[in-house]
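Chain lettering (A, B, C and D) follows the sequence in which the chains are written, and residue indices restart at 1 in each chain.
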Amino acid sequence: MLTMHGVSKSFLGVCVLQGVGLDLEAGEVHALVGENGAGKSTLMKILAGEHLPDEGTLTIDGTAYSFSHPAQAQAAGIGIIHQEFALLPHRTVAENVFLGREPTRYGLVDRRAMERRTAELLAEMDETGITPRTPVHELSVARRQTVEIVKALASDVRILVMDEPTAALADHEAEQLASLVRRLAARGLGILYVSHRLREVFDLSQRITVLKDGRHIATLNTRDTDADTVVRAMVGRELGAYYPPRARPGEAGAERLTVISGGNARISGIDLTLRAGEVVGVAGLQGSGRTSLARALFGVAPFTTGTMTVDGKPLRPSRPRDAVRAGIALVTEDRKAEGLALRQSVTDNALLVTRAVPARGRPPAGREVTALLERVRLRAHGEDQQVQYLSGGNQQKVVIAKWLAARPRVLLFDEPTRGVDVGAKAAIHTLVRELAREGLAVLIISSELPELIGMSDRILVMSEGRLAGELPAGASEESVMRVATGGNRAREGAA
Amino acid sequence: MTALRPDLKARSRTGPGRTAELRLTGPVAGVWLAALAVTGLGWIVVAARGGDFLTVTNVVTILQNCVALGLVAVGQSAVILTGSLDLSVAYLISLGTLVAAETMESGSVPVAILAVLALCAAVGLANGLIVTGLKVNAFIATLGTAFILRGWIEDNYTGPAGRVPASFQHLGYDRIGPVPVSLFLLLAVAAILWLVTRRSRLGHHMYATGGDEHAARLSGVRTRRTVITAHVLCSLCVGAAALFLAARLGAGAPWAGTEARYDLESIAAVVLGGTALAGGRGGVSGTLGGVLVLAVLDSVFNQLAVDPFFKNVVRGVVIIAAVALYARGRRTEQERTA
Amino acid sequence: MTSAQAPAGRRVLSALTTGTPVYILLAALLAALALTDPGFYEPDRFLSFIKRAAPLVILAAGQYLVIVCGEFDLSVGAIVTAGVVVAAELYGSFPGAPWLLVTVILLLAGALAGLVSGLITTLLRVPSFITTLGMMLILEGAVFFWTGGSPHGALPAAFRRLGRGTAFGWLPWAVLVCVVAGLLAVRLMRSDFGRTLLATGDSERAASLAGVRVARARTIAFILSGAAAALAAVLVGGFSGVSAQAGRGYEFEAITAVVLGGVVLGGGRGSVVAAMAGAFSLQALFTLLNLQGVSGALESTVQGVIVIAAVALGAADWSRLRRRGTEPSGAKSS
Amino acid sequence: TSDAPPDAPAGAASAAAGAPGTGRQSKFFDRAEYDRQLALAKESPQGPAGKPWEQMLRPQLVDTTQYKKKGSGGIHLCLSNAGVFNPWRQVGLKNMQAEAGLHKEITDFTVLDAQGKDDKQISDIQELAGQGCDVLIVSPNTTATLTPAVEQACGKVPVIVFDRGVETDCAVTFINPIGGYGYGAVAADFLVEKVKPKGKILALRISPGVDVLETRWSAAKVALDKSGLDVVDVKFTDGDPAKTKAIVTDAITRNGDIDGVWMDSGATSVAAVEAFEDAGKDVPPITGEDQQDFLQVWKEEKLTAIAPSYPTFQWRTPVIAALKILKGEQVPKEWKLPQPTVTQDTLDQYLKPGMPPLHYAMCGCENLPGFPEKWGGKK
């Protein structure tokens, strides 16, 4: 029912899409994959009326369209779930869901109808933890995702675009989403599904379209292909082993960081030791307290109880600066809001920490910066390019470079490869292991279990704000999930 | 889907159902409480000096003094809610009174009202178009319009001009019982604006645009139109203020708006009323409270014969302190919920 | 990093192009001045033009620091007025005070006002628009309350030399002060502090999580802006003597100058050189309007139109042109 | 050397044409009032010598017995002041307060300050009228706009209006000096006398559109146009000394020489003088106002100068008038005060060392209690 043909788009003279075509049947889940910056989101945004294409045609059920405003796309029956949330935190769920198409009575907004309809939609999605009047900022990330979906479904959509809907979700939540996608497709919606998680792509889709560098590479029938083929099409070459080798026995050295019965409002009873040279993974469900653990270690929302030492010296970081001075680095889960000054150059971002905290050594000079950026394998137009114009994976590399410049002793990664494509992911994995080899202590929080298991020398599992268990390298996904969901608490959580 | 920790659960049980403006600690209730407190304080201080603060005349004067600033501030809240700003209101008021008085002198009152409203709508439209179309920051854009209006006024008027017929001056002077009619004008305009911002689609879009313009646009909101409409609404309110002032002054005055610094005062009142300068939060009802606080303060100063320069010091302190309190409230709220 | 190092020339180009419209505007205005008044470029007249622009340039540099980290300073005009009045008051009480001492006292007082604004803004989280608006009311009110509306002393010649006198008999001190202040501002923005200030304006959270002392950086910006305003007060007071409205309107002029320079309100973007060029443009515009004999009344109309137009041009998509010039030179690989 | 287009307004046009005219006369120019003021300026006032604030010109006395205060209680005097937004008004208000302090029978003196807001002043007047004042003194912010409020108040209390007028004669008396035409003419006549024929005159005005200033300029225009002097520039200074200096500097370089400077008020005359000094030129005949800083420069630099005044001593008169009214004594319907001019001869009399630079010499405050400290001066 939808056909896009010959779509081209360039930003600031850089060609992002070149003659890309795509078609979608009713009731079909059509996956769109490609490296970071391949142009997936741009194509979807063109479909949603956010960008005007430079060239190309768009027809729905035989009618040609050209959207210059998202409202027009909505009117044509297109709903989109954005890669970045488009929710207003201080407005209620119902207001967000009906934003731009509020029902009216006598010319005034009919709140009651709005809230009733929102409640119905939420109920349809088996979501009981949200009421229509809750302000969105009170919701967890996963629930905001639900609101986004409800919002997209609230109008009469025939085509639903989902741009990395599971990036912020744990596997277990992603499965719930998958069943919803199947139900929607069964209702006759055409669904365009963008994801970096190949497993769910193969799980859900009937066809897969691969983009690379703004070009259409292939459209494959899911049934007739396999992951290796898709990856090869995406990356343009064979990817070797997925994960770098783990630490050899005895490689883990001195204690770098220890926490004894640390706790605060969100987490409690944290006993933790990180050693030089090892990569420790932290698993857990959404909201289990993993980010809170990282934020406590880094002094953002510090421990209020317990003791913490770094290299044997006691440390009570009360703000990030204290942690940075002690040699701790945190790669946050939200790199755009927390990791980067988007309108500054690559260099300025890479040097930010060393400039702000001279105790970590003089800021490296030009040549050293170049070496650093080469080390993280950054692909950019130049060192003076603003990072806002880099793709997600390359932005993440800048974040890592920023920390490496400060020569840290402990590296905390919160979802280091969220929204990062397979190629860049592999590069980051390799880099992480290299850093551990050099004697850093590394902590990785990830919602993607294969990655976590592949990378970690041991795995800590969090549940309800506590460390619920520790598993050795190579533990199975099932065993991790068992500890993470732990008994009847799991059922309560699965709202 | 999410495993709730105990504290989260506790919160979500009380959380839903409450809208921000009903909270007693929220800025809107806060500013009305502040108005009450200032009144009480004024009453005590004045009484201690042997005066009587809450006489009917005095209350009426306070209310009367709210009207002009109230009209402008209510309009200003509309633009500020939308994430914009209007610094041209002062000169627009001046020009409005001049146009009103001159048209009334030579034509009729209805024509004059239409002329003023048309002029204001045009200026608002221009402001909106410059902000959205030319993408000039609202601060600079409306400052620019202010300069343009100023030049126009200075080039064409030397001193007061025009004459307002007695029939129209009723708006400025008459009372129904002890209540000035102009107060009804303010209440009517405020009610309309309240209805628009809180209950109409446009209003929802205004909050959305002010809260996050990008997100609003993605959700299908015509953000540009919304901003333009907010500017027009604001300027229409300014027009109402100009008409009221014309009625009260009996003539048009080239400095009616500027000497009273309606531009900065209205912004101060809006912010005092708890509307976030960045947009997206707050509302008309708070603004009225802010205006009332300023008027009550003024009245207390009058009663106590405070040095006018010292008044400014106190006003500055009050504005900063009030906003600091809101910021505190907002911060603790964030800490609780984030 | 795979692309080649940016050649120095290109970097200069890109630094200049971030403020392109303002340099074009300035060039146009200076050319128009030359046409209007052929004598404009005689050395002493041109120097006196710079001398007149000096206070605004200094204010713009200070305002730039505040704007670039995402704030506003509306109190600078009041600081200028207060500075002049306080200086006169000081001389009223201590007629023999050495000028350097009084100048230093003013600078410290300006810095103090900035410190207070900065602390209120960063610690109490009051939007700086409000903080500095309040500060403006407080300063004006307090100074006039103190002096009863009119300053008591006169400014002696020694104090006024910076604003009025010349060095070596031909170079106005004000020009020298302006150049030094400008160079310091450029130096500052190139320093680590300057870069972190920019990053703070761009993303407060990212900066704070990178160890930047955000509140401190912002407060320093306010302090410097306050001190710059006090320095401007020394020049203004020196140039024209005691006046109770010495700084009237300077806050808006300074902000306009900075925005003309392509600096984005909200922070994180723009160069201090362009901001100062914005101040020169504004002064050139005033001079031109004056020389053209545009009737006093219409002057502000013309000014309004030009400011809107210039900022609109700056907001237009110049980056498209710019990008062409900085197309990556190194091949993509990896 | 001006490239101003021929149709440019005011000064520029005349410079281009070299004609004596200074452009069209302001539409607010009122010939009859102009003639009346010039005539008044020539008359000598009635009243005690040396106390100009008690003098009156061509008084038409009216009966006030109806306002005579009965009973013995103290007098409650009220003032609705437009504001104290410039030094002139600040000096004036101090004069009035000191005058009120002179009289024991005044037990209450309430001042409401409208801070330049017409709207607030209307409320202030309403408030005061309902507050049991014995006399209400009004210094209106704007002439036309306060008329209705004053009319209302007239029904309740005896009202005295001063400085700017209102468009009603319901007030018992309206106190003001001769006026703007008189001011402008004195200054212009001085230049006509002192400057060589066809000399180049620079006219500096504060800002357009202010009626009290417009009258000053339009009177000067009449005199200058007639004289054959060449008004090369008419510029607005916004009352900003820095801008004034710049304008004068430019005018000097552009015109080679300036032979006389006319100013519509004194705030910026020192800046104009300095511009000549900084340019290394002799200061030509110049006009100013009775502000101390100008008088001081005048004396120190031995200028050829004149300072017409809009005297601040007029702030004393309303209190005196109020007392007269409450005693039932006659007062003039329009109490025209003299408007003395500071000339070379009287310069020393008005120049008071130790007074602040923005003080107005014509304050008539020298013998008031608290002088000079209250006015910011030193003994």
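As a working rule, contacts are C-beta pairs under 8 Å (C-beta built on N, C-alpha and C of every residue); 3 or more make two chains touch, one makes a residue touch a chain.
This is a predicted model, so every value here is computed, not measured.
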More contacts between chains, C-D or A-B: A-B
Which chain has its C-alpha centroid at the greatest distance from the C-alpha centroid of chain B? A
Distance from chain B to chain A - Cα centre to Cα centre, in angstrom: 43
Rounded to the nearest Å, the gap between Cα centres of chain B and chain D is 36
Where the centres are mean C-alpha positions, what is the separation of chain A from chain D, in Å? 72
Identify all positions of chain D at which a residue touches two or more other chains, and write them in rising order. 84, 207-209
Tell me, which residues of chain B touch at least two other chains? 154-155, 309, 311
Chain C: which residues touch two or more other chains? 149, 295-297, 299
Interchain pairs in contact, sorted by label: A-B, A-C, B-C, B-D, C-D
The chain B residues in contact with chain C across the complex are 130, 134-137, 139-141, 143-148, 150-152, 154-156, 264, 267-268, 271, 276-278, 307, 309-317, 319-320, 323-324, 327-328, 330-331
Chain C partner, complex, touching residues on chain A are 12-14, 298, 300, 319-321, 324-325, 330, 332, 337-344, 346, 348-349, 351-353, 355-358, 363, 366, 369-370, 373-374, 377-384, 402
Residue ranges of chain C touching chain B (in the complex, touch as defined): 120, 124-127, 129-131, 133-138, 140-142, 144-145, 149, 252, 255-256, 259, 264-265, 295-305, 307-308, 311-312, 315-316
How about chain A: which of its residues touch chain B in the complex? 48, 50, 69-71, 73-74, 80, 82, 85-92, 95-96, 99-102, 104, 107-109, 127, 129-131, 133-135, 137-138, 140, 142-143, 146, 151, 173, 176, 265-266, 285-289, 463-465, 489-490, 492-495
Per the touch rule, the chain C residues reaching chain A in their complex are 1-3, 5-6, 11, 14, 192-193, 195-196, 198-199, 202-203, 205-213, 268-269, 319-320, 323-324, 326-330, 332, 334
